[in-house]
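Since the structure comes first, as structure tokens, the remarks are kept for the end.
The chains carry the letters A, B and C, assigned in the order they are written, with residues numbered from 1 in each.
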Amino acid sequence: MKVVLKNLTKKFPGAGRNKNDSVIAVNNFNFEIPDGKLVGLLGPSGCGKSTALNMICGLLKPTEGKIFFGDEDVTNTEPEDRGVGMVFQNYALYPHLNVRQNILFPLQNFKGKDKLSKEEMLKRTDEAARLVQIESLMDRKPSELSGGQQQRVAIARALVKRPKVLLLDEPLSNLDARLRLQTREKIRNIQTATGITTIFVTHDQEEAMSICDVIVVMNHGIIQQIGKPQEVYDNPLNLFVAKFLGTPPVNVFKGKIRNGSLYIGEANVLGGISMPDRDVYIGIRPEGFLADKDGPLECSLERIQIMGRDVTVVASHKEAVDTVRAVMASDNDLLGEKSDKYIRFSIKPKKVYLFDRKSEERLKF
Amino acid sequence: MKRHNITGWIYLLPAILFLGAFMVYPLIDVFIYSFEEGYNFTSQTFGGIGFYNYSYILRDPYFLQAIKNTFILVIITVPVSTGLALLISLGLSSIKKLKKFYQTVYFLPYVTNTLAVGLVFMILFKKTAYSDGLINMLIGMFGAEPIDFIDGPYWAKMLVLCIYTVWVVMPFKILVLTSALASVDENYYKAAKVDGTSKLRIFTKITVPMISPIIFYLVVTGFIGAFKAYSDVVALFGTDLNAAEMNTIVGYIYDMLYGNSGGYPSYASAAAIILFIIVLTITVINLMISKKHIYY
Amino acid sequence: MSMRKNNISDKVKIKHKAGNTVSISLVYLFLSLWALVVLFPFYWMLLSSVKSYSAYTAEFTPKFFTLSPTLQNYREAFTTVPLGRYFINTVIFTVLTTAIMLAVIIFAAYAFSRLEFKGKNFVFIAFLSLMMIPNELVVITNFVTITNLDLRNTFTGLILPSVVSVFYIYLLKENFSQIPDVLYYASKVDGTSDIKYLLKVVVPISRPTLVTVAILKIIECWNSYVWPRLITDDQNYYLVSNGIQEIRENGFGRENIPAMMAAVVVISLPLIIIFLVFRRRIMEGVSRGGIKG
């Protein structure tokens, strides 16, 4: 089932003194989620991604715009009639029901011709439980389960009614780091196996990048960019997207273009830029630096972090907006290139992005 | 959203209907009744509007007796029961063994039928032709003459009533005070001990101030409860309370409404409103005092 | 310096200990004395109820025990006066009132805690302000209303005015509000209507509070005296409280105390059993609610 959002907008009335100023949580969304894909809604907290999810689910009514499931307009359909499954951040398992009863719960609400026989319900409950591997926990109460187990029960409960669309609201945020890695793989596998169109909300870009077919990057209620994770990473449309994707984040410098060359301070870091003279922001991915004793960019060296395969050089530069972090594959060639205080880099042109100083939009060169 | 609007009202409807019919409407009606003069219950007509009902009951010796009885009851039982409950709660909070047992026993009167146990009290205190009763036997051991506490002199009847009232209200007070004492932070006591404070000083300077809001709450509810005394009086002295000189304000209201002397809802209403005004005044006075003396 | 200090505190400790034993004993003595005061009337009613009539009247000085207990008084209590009928009436009254009240207050509390509608806050404050109204003020009109509706000597008349308790609505609303919102959203997505969510999720989760409220209401109903007395004068509709009063004034003749005590034991027993079973719940509920029935 494809999901189409048209001019979707949600305004919340202001509270207290700001009663007349409404807050625009979601501003004029337009996009289409293709059938059977896993889509990640990604953005910092307060960007409106949960609001968008709640509107798709039906718990919130949009102020303007429409939502389509396939060709059907569901904008004014109640959540119980939309046929969506949802996994909440805190899982929202019913504390007084055991695991089996929790998973059964949505099936027992089917009415009319959809009504299932008792055996059919139990069969589907077992199927869902098997899918998330919780068959051995069926008689336990939620309070007797670990966080990861509760999470899987929540997924089973969302899947059991074979929803047209599966919605996941920060499903991994309450798990510890190791479990998070496993669970996200699991979610990807289940999604692939069932082929249900799935929308996944997260503030963790790594999570979204690793499992999503498509990511939607949001900020302040506005869609910044939609695309395949790698495309968005390689080709950010603006400074926000560039900064939001990738760990360590992109390094931002204040720079300028003079006579077809790119300058950071007085250093000419890149040539062959076909653009008139202007001031720009320069974004350089951490992997875009090469340690090079003849390189044009000289930074003050702060420290070197060796973490297994990778080496991170932490440095500073007066034109840099933040600390400079460069990631390199091995430290062998690095040791010769640095003095105690300084390190010089050359830059990989493919890992450099230019942005307008005012609009922060990407500039192609 | 619109659908929700209606749902909310539908869910509330039964409660609103019942409260409207049996609380709000009667509340308005009782004021109207109290000003309708010469109301006739059978024909449900009245002669005029005015303060006659109030002036009548305020001149009625039975009502004055009821007010006197009620005030005596309130003034004796509230301080006595609160003080006694505080002592018992302090005792309870200083022991560990048998604490649960004592708490359970002390709470027992709360769940028993006031009328039924009142009968037992009556028997304990009553002097009959064939027996002086248990209490008379006990006071006889100290050389006192037997007294009929149920049909005898006024002070004796009042004494029994006060004793029974205290017995009835104690469970609630002990329970509330015990949990109040348990909620006082241990650290205050530890700090006081380190400072070498005496036990009495700890009690008056730490415990009492810390639980003063609860004591105050008990006094106010105690006042209100005692002003509404009725069924325990009936249990001891029977339904003809006027004859026994033991009527209370609430008893007077019901007698005016129903029974041998009944059929006068207007008088009953006037009496009920006077009761309400008394209770309200005392609550307000209590509130004003508490603003000065409650420590936090 | 520090040595001396230690010495002193040791001495103080020893002194305290000796004083403690004495004072603890005094505390136990005092507490036991009050326990005796509380329990004695119960003992006395039980004792008197098993003494035979002749033995009881023969004791000019009451005896603290009996060597020839009899159940004759209990037989008499059920045969001479319609104690069984009073008992059944009270059970019917208590069960119906409690059940209807629970239904009414569950819906009202749910409306206040979960549903959004215009005027909600206003109605809620209006409800709360009704808590201050003493029952004595409204009982007069209710008596007239029920009389005019020709509902005297009926269960309807007995039950109607006591099926709503603003206080319990308030208590339940607080309880319902503690259930996380997200459960409501989850059940919405699971395809549940409001009513189903209320009955299948809210009510089971709030069961402890509901049980407490029900027990407190049962106690209140079982002991209610004033309203039943006003509204019934037909013995067939008497509740136990009115029954006991009737027994006292006209029943066994004023002198048959043992039979009277047997009746008292019978009507006190159900609540004492409920109390012993739900002791913790009841005491918690009463101290939390701070209500005096």
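The rule we apply is simple: a contact is a pair of C-beta atoms (placed from the backbone, for glycine too) under 8 Å apart; a residue touches a chain by one contact, two chains touch by 3 or more.
Since the model is a prediction, treat every value here as computed from it, not as a measurement.
Colleague: So which chain ends up in the middle if you average the CA atoms?
Modeller: Ranked by how close its C-alpha centre lies to the overall one, first comes C.
Colleague: Measuring between mean CA coordinates, which chain is farthest from chain B?
Modeller: Measuring from the centre of chain B, the most distant chain centre belongs to A.
Colleague: Just how far, in Å, is the C-alpha centre of chain C from the one of chain A?
Modeller: 57
Colleague: Could you work out how far the Cα centre of chain B sits from that of chain C, in whole Å?
Modeller: 16
Colleague: Suppose each chain is reduced to the average of its Cα coordinates; what separation in Å results between chain A and chain B?
Modeller: 65
Colleague: Can you list every residue of chain B that touches 2 or more other chains, as numbers and ranges?
Modeller: 1
Colleague: Chain C: which residues touch two or more other chains?
Modeller: Not one residue in chain C touches at least two other chains.
Colleague: Okay, in this complex, where on chain B does chain C touch?
Modeller: Of all residues in chain B, those touching chain C are 1, 4-9, 11-12, 14-16, 18-19, 21-27, 29-30, 33, 84, 87-88, 91-92, 94-95, 98, 102-117, 119-121, 123-124, 128, 130-134, 137, 167, 169-170, 172, 175-176, 179, 217, 221, 224-225, 228, 230-231, 234-235, 238-239, 250, 253-254, 257-258, 265, 268-269, 272-273, 275-276, 279.
Colleague: Considering only the defined contacts, which chain C positions touch chain B in the complex?
Modeller: Touch list, chain C to chain B: 24, 27-28, 30-31, 34-35, 37-39, 41-42, 44-45, 48, 57-62, 103-105, 107-108, 110-112, 115-118, 120, 123, 127, 130, 133-134, 136-145, 160-161, 163-164, 166, 169, 194, 219, 222-223, 225-226, 229-230, 240-241, 244-245, 248-249, 255, 257, 260-261, 264, 267-268, 271-272, 274-276, 279, 282-283, 286-287, 290, 292.
Colleague: In the complex, go through chain A and note every residue touching chain C.
Modeller: Listed in rising order, the residues of chain A that touch chain C are 54, 57-59, 78-81, 84-86, 88-90, 92, 94-97, 105-106, 109-110, 157-158, 161, 167.
Colleague: Mind pulling up the chain C residues that touch chain A in the complex?
Modeller: Where chain C meets chain A, its residues are 180, 182-183, 185-193, 196, 200-201, 204-205, 207.
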